[in-house]
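Can you keep this structure in mind? I'll have questions shortly.
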Amino acid sequence: MHKISMLGAGFIGMFYTKTIQRSRSKDVVSMVYNRTPENAKTFAETYNIPRWTGDMDEAINDPETDVVVVALPNHQHKEAIIKAAQAGKAVLCTKPLARTGKEAKEILDAVEKAGVFHGYLEDLVYTPKTLKALDFVRKGALGRILWARSRETHPGPHAPWFFDKELAGGGALVDMGCHCAEICRSFIGKDIRPVEAMGHLDTMVHPIAAEDFSIGLVRFENGAIAQIESNWTFRGGMDLRDEISGTEGTIWLNHWLRTGFEVFTTAGTKGYVSEKSEAEIGWLFPVGNEEDGLGYIEMFNDMFDAIDEKRKPVEDFYDGYVINCILDAIYKSGETGKWEPVEI
Amino acid sequence: MHKISMLGAGFIGMFYTKTIQRSRSKDVVSMVYNRTPENAKTFAETYNIPRWTGDMDEAINDPETDVVVVALPNHQHKEAIIKAAQAGKAVLCTKPLARTGKEAKEILDAVEKAGVFHGYLEDLVYTPKTLKALDFVRKGALGRILWARSRETHPGPHAPWFFDKELAGGGALVDMGCHCAEICRSFIGKDIRPVEAMGHLDTMVHPIAAEDFSIGLVRFENGAIAQIESNWTFRGGMDLRDEISGTEGTIWLNHWLRTGFEVFTTAGTKGYVSEKSEAEIGWLFPVGNEEDGLGYIEMFNDMFDAIDEKRKPVEDFYDGYVINCILDAIYKSGETGKWEPVEI
Amino acid sequence: MHKISMLGAGFIGMFYTKTIQRSRSKDVVSMVYNRTPENAKTFAETYNIPRWTGDMDEAINDPETDVVVVALPNHQHKEAIIKAAQAGKAVLCTKPLARTGKEAKEILDAVEKAGVFHGYLEDLVYTPKTLKALDFVRKGALGRILWARSRETHPGPHAPWFFDKELAGGGALVDMGCHCAEICRSFIGKDIRPVEAMGHLDTMVHPIAAEDFSIGLVRFENGAIAQIESNWTFRGGMDLRDEISGTEGTIWLNHWLRTGFEVFTTAGTKGYVSEKSEAEIGWLFPVGNEEDGLGYIEMFNDMFDAIDEKRKPVEDFYDGYVINCILDAIYKSGETGKWEPVEI
Amino acid sequence: MHKISMLGAGFIGMFYTKTIQRSRSKDVVSMVYNRTPENAKTFAETYNIPRWTGDMDEAINDPETDVVVVALPNHQHKEAIIKAAQAGKAVLCTKPLARTGKEAKEILDAVEKAGVFHGYLEDLVYTPKTLKALDFVRKGALGRILWARSRETHPGPHAPWFFDKELAGGGALVDMGCHCAEICRSFIGKDIRPVEAMGHLDTMVHPIAAEDFSIGLVRFENGAIAQIESNWTFRGGMDLRDEISGTEGTIWLNHWLRTGFEVFTTAGTKGYVSEKSEAEIGWLFPVGNEEDGLGYIEMFNDMFDAIDEKRKPVEDFYDGYVINCILDAIYKSGETGKWEPVEI
């Protein structure tokens, strides 16, 4: 059983808390921090969390807490992680680990130096479909993997800081391409080195400085190609799909809009259909259990089990660091117009 | 936290145990019974269960245990439940509750008389998709429900007792039609009375006395129709689909063969693809997390939460009893060739 | 090359004319009749037809014409066909052939006595998917056919006469169940005798005397079951699906709402999406070529080729007659509440 | 009515002939050429073609013929077209128009100089789904087009010359990327100039000099991106899909493996399932009418109608030329590792 301090009472903090405290689970969030203390208080009341605070240090150093979860905007990950590492707490950080490879390296060094447990909360690698698909791949059902396409697109984020290049570290690529890159890397093989990357970035529809559209290709040392499509220009909801090609087979995963759940309604329900859903009437494609469909459940299971079993989780900060390096190369290629080396 | 005695170390006992003891869960199976004690022992070792026995009474009366789960063949449900009721334990029984409405009534009377908690393990009402679909219906997205079709078919069961009319209480209809009937009833409204039923039953491909093919129609007091298709003659895996029609909308659920997970393999994996899967190469349609896809997780969550909260679960033995009455009417119609009243 | 007199300038007359006169086709509609001559004139102008009339006899007896197509409301089929037979013209009639088996028999007798070519325009047996599916069945891919489900449902017809029991011969069952029955019969085998039928009919949402909802089961002499679902209560567009089960395989056909063509639009196009489409924005599921998707192209190909080759077409009036007998039995069962013999 | 000389009695010559001479069509193939005259003879007999020859000039200059269709390997397009142009015949050429932009330019110059009708047989722009999708786009349903992905992949071609870089002009990119490029261009707008291209090419599984794997990106002057995925490394049949993203909407087209036609068979049919199908048992995804599904029918309709109406067809040699220029730029980028201008 673990006691968790949740840093951040926003969108993902809410999802994480609901996942951790789901029915029959033994782990609990026992402290929540938010810069605006009132929001921390409301959040604590909503999710039945005993303590709340507007002081990050207090949350991290809470004596009951053994695990700190970082659910803050990207520019705050480093500070929060370093504090947690110094406090000797296990630390789990949402994606992306950092805004750049360089920042990610500092983070990685800090946790390694402190010797604390670190888990990278890359949920999409943990969806039940992805886990079983990876199992098929591991057992050889697809032969040698040649190509993996991962796509995460929707009409745009819910909070303004995502649009601030400085705070977020970029636009749609750093926000969602980090998922796509790690999904592809998981299918191609996390022991296979990504060598070089090519990218196209553009600002197509939003009045922002950062890119709202991106396509990246990453070549791995064995010739396999990762194809990363992430943008904030898609219409129709959230498009979360993966395609994997091997010498002996193919896998197609559709996580969101076509999962065998189809609703037509002229009445609507005046409520939440599913994340980023764009419509409330007509043909809708909800998701049964979003926490599960997005991998949050299996992800926290792995994290807490790993702590208990004193092993590394499937995703740790080294993975987060590699992803930042890949994204850096795609960003650079977007500027130079040529393939750029992935510098890990 | 609950301690469970699992009666039955077969197919469903295994699924239940894996579900209850899944990662980060606080409930445990602490005793397992099987008529062949060696199998109980092996099962206990595999699933890390402290105690096992070949004596049903010992399992039920285990002092640590507060919940008895009945995962035995249909003809043993009554005996096991009555013993558990007498022992004052909460009792959860797999589907179907009984072989006939009459037997179900005796079971219901026993638990009510003993005043114990009773839960009917109708998992398919608890799949994440079904729960969310029911929520759409409750919120009015479909208007008034007119028709619900529920279909569960596959090439045939895994154990010989399913084919024994006496032990099982019938064939494909009692085995799987019980799921379909309760799914339809949940969508139409569990407060709406099923009035009469019509059925066609046949033995089409298996060398058995019981039916391997069935279609049933049930008319509810408000005119809504439940259409139940269950058979052991389907080829292509397991076909688990529901369709619901209302005055304002439609819901289509596909739980098994088309869930956004598609694999083509020429290599295969020489292993388990998914329940009742008929092929290991070519295009396959696995399920991410079967326990979840089949509703086991949410079902046990509801059961144990209900015990803790001292409320009725979504499905209790009264529901199991109603379903047996509906099936009785379909069976009778299969003989008389006309609509027969549902006698509850 | 054939010259056709089209009787009826309504919805189906339009579809037929567009199909027959499609690009690069050698057959032409050379005369059109409508009871309101102005509409015949407008129709003739729109579709480039040389002659039009408000007099049915004139249209049938047009000396240039060798084929008469009956595209009139159900109550007018008999009169038109008998006139065409007497005029010695090949006659093609839309579905249903008649309003009852008795009326169909009179029609069949008339064309047989006159010795004219007769074709029953059951288009859904001719969709490219159905033709290829039938080919799979014929080649043994499914083994022995056990069950066929055919479903045609939508929110309701476009013209008031469909709601008039007297003119139409019934409601949704006679209107669309005729398609479903012949589709099932084609898969089960047109040489296998339908023996008895069972039906449930109801008027659920429309303020009409006829049924707007129907389910029928037909048992064939070899035990195979046809399951016919036709209603005017479906929401979400037009639901046209078939499922066929055999001892060795399964076929699923979706003709309308899920054909690999998916559109999401917030702008709409202020126009026709596809037949019975219920929405113009949100997720839409258009059909590429409706004439083709509904089988009109292959149907007329077969009809005109059959005339040229002096052979029977795949569907002739005998088939239309059998279908009316099946529907009669379903209607009767709807009243008596028991299985009724199909009297052919 | 047109009389056609078919040059080439191979795979595509067969498809074209069956399409042109389909039931009720007025156009006929009246002459067929093949370098091996015996094959021409057999072909002529099979498809009921009055004349055949092993002499290309004889076929082209056949006095009855008014249209020459070039269905020869890529390296023979130029010679055949120039001869047809000199003979003053209308000439239709299969894809790709040529092996390079330079060769395509010479072809274009020749037909323009001769003043003959020229049609580029880019069938995939003419599939019924694509035509209707283009109509949605034209009517504004998607707003401004931002991105189009077109994918054509399968396990590899049927004839050895496709693998010969010299004869074919390249590998999978020139063979199938030509389709993808023109599909994207049609959705983005044929009046929008493609500016630069980026490509990754590799030889992943086949023992050939040419690429069997390719990904290309093309940037248009308005910022829209075409994403071209063509390879001979896909397993599972033929993957023919398009995705189009606009500011107001999305279109997803699946032309081959998921069209609402699903078959499971343990028996198989020992025959043709559909083009490039990799399996005969298990779950199969046939196509109803392949000629139609691939656009051949609407393509020839447009070509012959255009000749009759003395207008340009939707696709002419100028389009073929643009496509070759785009492919040239992708090939060059594959070598230089940077974006390369499209030189038209």
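Some points to look at:
Read from first to last, the chains carry the letters A, B, C and D; within each, the first residue is number 1.
Definition applied: contacts are C-beta pairs under 8 Å (C-beta built on N, C-alpha and C of every residue); 3 or more make two chains touch, one makes a residue touch a chain.
Fair warning: this is a prediction, and the values are worked out from it, not measured in the lab.
Each of A-B and B-C has its own count of C-beta contacts, and the greater count is at A-B.
For the pair chain A and chain B, the distance between C-alpha centroids works out to 36 Å.
Between the CA-based centres of chain B and chain C the separation comes to 41 Å, rounded to the whole angstrom. Under the contact definition stated at the top, the residues of chain C that touch 2 or more other chains are 142, 235-236, 248-250, 264-266. Taken pairwise by the contact criterion, the protein chains are fully connected, each one touching every other. The touching residues of chain D, counted against chain A in their complex, run 142, 146-147, 198, 200, 202, 204-205, 213, 215, 217, 219, 223, 225, 227, 231, 233-236, 239, 245-250, 336-339.
The touching residues of chain D, counted against chain B in their complex, run 235-237, 264-266, 278-279, 281-285. Chain B makes touch with chain A in their complex at residues 22-27, 127-133, 136, 139-143, 248-255, 258-271, 286-289, 292, 298, 300-302, 304-305.
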